[in-house]
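Heads up, there are several structures right after this.
Below are two complexes that have chain A in common, paired first with chain B and then with chain C.
Now for the complex of A and B:
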């Protein structure tokens, strides 16, 4: 594999240095490199031709996982594998662990990061629906200071985010609260695949539901109408479940492409939502399969 | 057949140690030193366009560039069966990705950068991206010079059309046959294009030395065929066969994609352009998809008549193949199917039309199964539907029509031995055919499916094999053959054949990959024929060695040759139990005589094989009179699948496949081929799917969107079943089984889907999406969007199967 485009590579020692480099990019622009699982493929395809690549994966400010002040903090350079193995993430963001388990392959997960995933911001990004249902905060640094952007305001369009020019995501914070949830991902086969459609759900002890979808709109989206139908139902079933599925099918806006037809995506959003809700409500009362399954391919007991 | 000691036992692979230790070398592992040059190819962005001008000046001035080569430098065509492929596009491009020029530079990056600087001016032509368009009257022609191309005598291209070949087979009187039928079913089935996806993409490094010697190190299934094709195409440079050498180290998968010649000839001419320096051309994964060869897409119309009692009375099978921009290899796939599209059944009245059509899609060629997977999908689906309509068990329907030894084939020759009924019984037993299985989950349902298969190698009548065997001082041996070890275990099987004849342990026989200068001749490693053809050559070579071993021992020890035999690496005597002469004592140095002289010398042997009974000279209008196929291998496969009724997702609980190998020379390797064939077959059946944009661009030349199976996608259980009805002209009775193991996958799955869900899918692949939508009453064909998997638009049932302009 050859990368034909020429660029400078710099590995700054501090966040400040990194931001300085990104703020004054050379001709062709500057791009940050964390896991590189998207960037290297784009470079190789010639889809991007930056003049400078800033390697941020060693920056101390972007490392670490900690729980403080009612929030779970995950540094932007922490790869999925590390998050999956962290007891703090398993406890406070189990839906992220479940989604990470069906994201790409072990080799990719060892490098790729959720922060990178949401910066690439393709409609099928698996982190998107999860961070939406967690109402996560995206922490961004620029030379002018830091900024917190709610996940709900992050995704603007396919491959476009609220990240200011020259900015870097430093970490993602998820508020800590008792909850249960589930992530379902539709794939073309059992091996690694981009989602044909995905669903994330989260429910708290009062029966407040949050629902989000991936690959069925230009960006990952919240399912507010679906959530309203479910509100207050700790164990939705029967008519409520059906109404929720119908609402979900109505509020997504999928397209037809080579990965799936619009019809199948819509149909599966309903199926995945029903299964995710049943699994999450079982988990809420200490039943249901442990986190880390894909209910589209494995049966939730 | 007498008892065998080595044949029929699972010898350890002779290439195993080299592969597990990483010692096995592939083309990219070879070192060529600092003089090595790197090439990048300039590719067409258009499916069909006239080339007005190629401006290479900027590229030539780019840093590191040593030479830019275009079609003006090498204005030649090539091809294995028909010379319709261009080394570089000349006056026009015929598919997106076709090579127009190549840049040779000091580094790969410099070559890639400079390739972008080559400016090509095009005048776009209307692309022919549908079969109906290609076949209509006054169609845009892809190959106006079709009538001038060199070709083999059994191809019938129609000059002035887009038809590269049309194989017609006629037997009996189909009109009469349909009159005798109590039930007739007619329907259309489609199979899209597929890609081989070997782990190792095509790679060639070529070197034209100062003495005019051209050497290629290629990842190939066909070193000798490549040498031959290149010697013909490159004749204008004064190159003859003795000037060209093809070395093929280990190959990381081929599946037919590395048969014949594709990109290797580009590397060869670049080396010629850069005399004295080696040039490396290695394809990227994208190029592997779009500019080697793909499996042809096909649309097939089947009309079959049966009596109430199940006997098939007549078959009309019409297949229109999307061959892409070149049919130099693909037309022979079309030919093979045109002869064999009855499937393994006795059918008195047959009409087959197999038509090879040029389109502005990438060229197609050989792919494991060589057309048989494609036509079995429709045929074996059709049989189940007919069985259902006449109220007969689908296996019983097949039993009543199963072909047997001596039956007359569609082209008039007689069927070889093979136990199709036994294969059906074995598979039916293994999957408990006829017994319904219930899922424990309310949203799931279990179904079963079966399908039979057959396949013959598609070889020229003079495709031949040869082998050399020689002894070393310690009684170990070198075996020289030129079949390719492409994972199937060929080298091991050849060692076993020699070992059986000579009583030498397999571990003492070294077998290496080919070098056309030094190794024995082999036509190509294709068609599942090398165990049979090359095995016969090896056996002949071993018999030659055996004769010399005995003759030398007889002469050197003053014994009668007739009394001597081989056992445990020694010559022994039936008359004198005390006599035992170890091979190592004399196979190089001879046998010392009382007076100090020596008798004998280095012992070696040679063997060759050609199927001398084969001929392609049948009547072009009926195919009667020839004997184009050497033999068929038959078998059957069955599956138990659990379906999720909401998502269409499938869990394959069990697959059983029985194949009549004649004789499994290495049963473990045969089982390996069965498992591999099933996994590959299921992937093409269930999710592999090439997609094109309406302008002819390939949309998924990558594993992001073209899915091949992972370990997670393998069935829970695979039961390989080996039957052994000896092939009289095979080595120890063996016949080929390699490709056959994937042929039944798609119809078997389609039949299981109908069994479980009552839905009949007639377009491959049989995705979860199609199933889930069908269960909701939605036809996937109506909602799939504008990307193309196969070369026709609209619904398959509306395809007219017309050939315009009265061509016949």
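Now for the complex of A and C:
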């Protein structure tokens, strides 16, 4: 089945032109197009019917990966596969690389972008928990200027974000700091699937933990109560690990849907958290599997 | 509004009139006579519509035709132009596919993998093909064939020492 709705397609030459188009959209509204994995499927379904599609992936301001001023900058138009291959991303945001490795398929990752992923903002968005534990900044441009929105303030509700009307995400910045982490994603089968639940963890040399979950609440969420229990423990084990898992199971708010039941999601959050913590703390001291494994299927601790 | 776009299709410059809502898959199949990419799911899940865009495997059903302006599109028709490649031959020899609906996508995804990683591990192969669903084969023969082709190529490359000996023998 093809796309039924009619719209105009424009590939603007500059960011300014793109913002002008987005600020004064035709009837039906304007939507930016980067990788298109969500947008084109939604157009097909008739879930969105914009009057204009603005193809932003060639804009030079949205390309490139740079490390400067203590931050890793990733242009909004850079697809997952390019990020996975970038030594800078591997070094400064390895948890993003690990998450990208279990996201959809190569054919999707060659087009899809983290920026698009968080703009679609579905609850199972894999980039969400990763950007939350990295306390990433979402850089947004509008005709009036630029704005930096912390990842923590980005997700408002399913498919709703803090992106201002007429705004465009130009890139994502992750503060550079020594750390270790892990990402776990529960799927129904091997190969590509949306997450039934996902867990991202990050720990620094002092044992300060950040934990976030996906697919187990209306938006990706940070696990503050879980973090408190782990605080100061560089190598959590035994009772601390159990308490953290229990706290995580309690602070998520999953629902039952076609992919799994609420109960199963909750229990698996505990299992995945334990495995992620053990793997991240091993990585912190130079042990543990290299980034890019599938924690659920492969020989994680 | 319709617009004429220009791109390389299997190495040849081509022009075609397209509407904004037409996908690359629609245009290849409906307007350009290229039928190897298939529409399975139409929403990015099955990989039957796989084509190479500037050498990278993408889903033809999730790309608007207008997006490929100025780029190079390769389909299975383009791969086989100079006779079937080693990979294609091996698939035929092993009678690997059954209904064949997934085959064009699998061959393209595998070629992109081998171009980037001439000597892939089994895990890399499974990862590269994870988005190409096959309802017939159970995947094992596909993965084994790709592994065998890569090994054979590697063997051939690592054989310069055996070449002279063959010459002396003849």
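We take it that the second predicted complex is superposed on the first by the 299 of 301 C-alpha atoms of A that agree within 3 Å, B and C clash if a C-alpha of one lies under 4 Å from a C-alpha of the other, contacts with A are read in each partner's own complex, and residues count from 1 in each chain.
FYI, a contact is a pair of C-beta atoms (placed from the backbone, for glycine too) under 8 Å apart; a residue touches a chain by one contact, two chains touch by 3 or more.
Worth saying up front: this structure is predicted, and the values here are computed from it rather than measured.
Engineer: Thinking of the overlay built on chain A, is A:192 touched by chain B (first), by chain C (second), by both, or by neither?
Structural biologist: both
Engineer: Per the contact definition in the header, classify A:260: touching chain B only (first), chain C only (second), both, or neither.
Structural biologist: first
Engineer: Looking at A:104 after the superposition, I want to know if it touches chain B, chain C, both of them or none. Which is it: first, second, both, neither?
Structural biologist: second
Engineer: So, does A:91 touch the first partner chain B, the second partner chain C, both, or neither?
Structural biologist: A:91 sits against neither chain B nor chain C.
Engineer: Should A:81 be classified as contacting the first partner (chain B), the second (chain C), both, or neither?
Structural biologist: second
Engineer: Contacts for A:36 in the overlay, against chain B (first) and chain C (second): which applies, first, second, both or neither?
Structural biologist: second
Engineer: Between chain B (first) and chain C (second), which, if any, makes contact with A:2: first, second, both or neither?
Structural biologist: In the superposition, A:2 contacts both chain B and chain C.
Engineer: Touching A:271 in the superposition: chain B (first), chain C (second), both, neither?
Structural biologist: first
Engineer: Which parts of chain A are touched by chain B and by chain C alike?
Structural biologist: The overlap between the chain B and chain C interfaces on chain A comprises residues 1-4, 6, 190-192.
Engineer: Spell out the part of chain C that touches chain A in their complex, as residue ranges.
Structural biologist: Within the complex, chain C touches chain A at residues 1, 3, 19-23, 26, 42-45, 47, 50, 53, 56-59, 61-64, 66-67, 69, 109, 112-113, 126-128, 130-133.
Engineer: Of all residues in chain A, which touch chain B in the complex?
Structural biologist: Residues in contact with chain B: 1-4, 6, 186, 188-194, 196, 256-264, 267-268, 271, 296-297, 299.
Engineer: Within the complex, which stretch of chain B touches chain A?
Structural biologist: Against chain A, the touching part of chain B is residues 108-109, 112-113, 116, 284, 441, 646-647, 649, 683, 686-687, 689, 691, 699-700, 704-705, 707, 709-710, 712-713, 767-769, 772-773, 776, 778, 780, 783-785, 787.
Engineer: Report the residues of chain A in contact with chain C in the complex, numbered from low to high.
Structural biologist: For chain A paired with chain C, touching residues are 1-9, 11, 33, 35-37, 40-41, 43-45, 53, 55, 57, 81, 101, 104-108, 110-111, 190-192.
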